[in-house]
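Next come two complexes, and both contain subunit A; in the first it sits with subunit B, in the second with subunit C.
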Partner chain A sequence: MSVLHIVNKSPYDRNSLDACLRLAQPDSAILLIEDGVYAAIPKASASERVQQALNNHQIYALQPDLQARGINPDNLIDGISLVDYDGFVKLTTDYDKSQSWL
Partner chain B sequence: MATKKFLYVNRKAPHGSIYAQESLEVVLIAAAFEQDVSLAFVDDGVYQLLQNQDTGALGSKNFSPTYKALGDYDVSKIYVEQESLEMRGLGKDDLMPLVYEDEDDDWAEKDSIHVVSSSELADIIEQQDVILNF
Partner chain C sequence: MKFGILVNEGPYTHQASDSAYHFTAAALRAGHEIVRVFFYHDGVNNGTRLSVPPQDDRNVSERWSALAEEHDVELILCVAAAQRRGLLDEDEAKRAGKNADNMAPGFQISGLGQLIDAGIQADRTVVFGD
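After this line comes the complex of A and B, so read on.
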């Protein structure tokens, strides 16, 4: 299996998500955690880039980080999957390696 | 002591760094000195006011209900930049309701949050004596 890309910065504060989307191979997965989960909100200026990325990547968002920020997990960009902390751990073992876009 | 106009500009998301929480504490302290306090929420700062924040699973302090105390400290001028909201797919309905009681209007409960355009916010910034950034 390939790489798990982890993004923990808001797409409106840093360019981490864009760097990740530019440099992630098709079929690698992307996990949004901490302020990275703001990228999961629909109808925002980053939504189109995320939607585009969903054609080539599985994208996950960490549920406790959504909840902390008041983001409704039932109203994310279509196609984004939720994971809890156990799911996060499982993803890191399912993929060969992790790349954290700090 | 002469009253000065203080503006606190908040531009950071709430849980990824300590800025938002520190700003809120400083605002509440300064408000106790009866200054003319305004708050501006710009860029990722608008995320601070989202409804239903629950940090239970993170084990960190959930300070978001504290914003609701601002009205009791006579902090009733809260400006949120419209452009910042729109860019993030948000609107006023996504924000927590913040109110104050207007002593000049028989203590009627009024909305503290004002969604303003960039140019309106630029004017508000111009009118201040002291501007603090978080």
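After this line comes the complex of A and C, so read on.
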């Protein structure tokens, strides 16, 4: 059963990304939206954990939310893919279910 | 595919109602069916027609109403959450002895069973909140 994990809080604010990474199964993916996109920034204190997670999971970031926060989509942690809202919808259909880490 | 959408956060709080709106609009654009958008907890505040945001800002409840009208999307407020927060349609206002109602067009008040039903009917349920 493949799961799309949706994380909407910054790892510098809440521990929802860490909880998600601890429990996510290898065939599941992680989508960063809203303040969750702060986890995509390289060379920060959470970057190593995200980098590590990329060995087991696809990680996506919502492009309009990066843009709203002035985060350059060309300068993210290597391996993170970008999606727009159409891509977000597509991801929810590609995986069997979605889990929002609220 | 059939989608159910759950919104647990009020408008102009963080970003959940905006994310939920953009997701719902994108799903409709892609030809998917929205079984229902269910507003729970502070999410019921999306359904007021008395909100008057600045003219250069988005109007969250009007935007939902327009989506409901254009695509025939069911927008449901949880009755218990709505009563606590003063979100009333005409019937609820009459029943509670209030002299006004504030439900935006396209929104309806119903019970939590509608959330369960959406979860059963839909192929995917996507949750937006704080």
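Simple rule for what comes next: the second predicted complex is superposed on the first by the 101 of 102 C-alpha atoms of A that agree within 3 Å, B and C clash if a C-alpha of one lies under 4 Å from a C-alpha of the other, contacts with A are read in each partner's own complex, and residues count from 1 in each chain.
In this section, contacts are C-beta pairs under 8 Å (C-beta built on N, C-alpha and C of every residue); 3 or more make two chains touch, one makes a residue touch a chain.
Nothing here was measured: the structure is a model prediction, and the numbers come from that model.
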Partner chain in contact with A:Glu34 - subunit B first, subunit C second, else both or neither: both
First (subunit B), second (subunit C), both or neither touched by A:Ala44: first
Partner chain in contact with A:Tyr12 - subunit B first, subunit C second, else both or neither: first
First (subunit B), second (subunit C), both or neither touched by A:Gln67: first
A:Leu102 touches, of subunit B and subunit C: first, second, both or neither? second
Which of subunit B and subunit C A:Phe88 touches, first, second, both or neither: second
Touching partner for A:Gln58 - first (subunit B), second (subunit C), both, neither: neither
Shared subunit A contacts, counted only where both subunit B and subunit C touch the same residue: 8, 34-35, 64-65, 85
In the complex with subunit B, residue positions of subunit A that touch it: 8-10, 12-13, 34-35, 38, 41-45, 47, 63-65, 67-72, 85
Residues of subunit C touching subunit A in the complex: 1, 3, 8, 14-16, 19, 22-23, 25-27, 29-30, 32, 123-130
Residue ranges of subunit A in contact with subunit C within the complex: 6, 8, 33-35, 64-65, 85-86, 88-90, 92-93, 97-98, 100, 102
Subunit B residues within the subunit A interface of the complex: 12-16, 43-44, 47, 50-58, 60, 62, 64, 87-90, 94
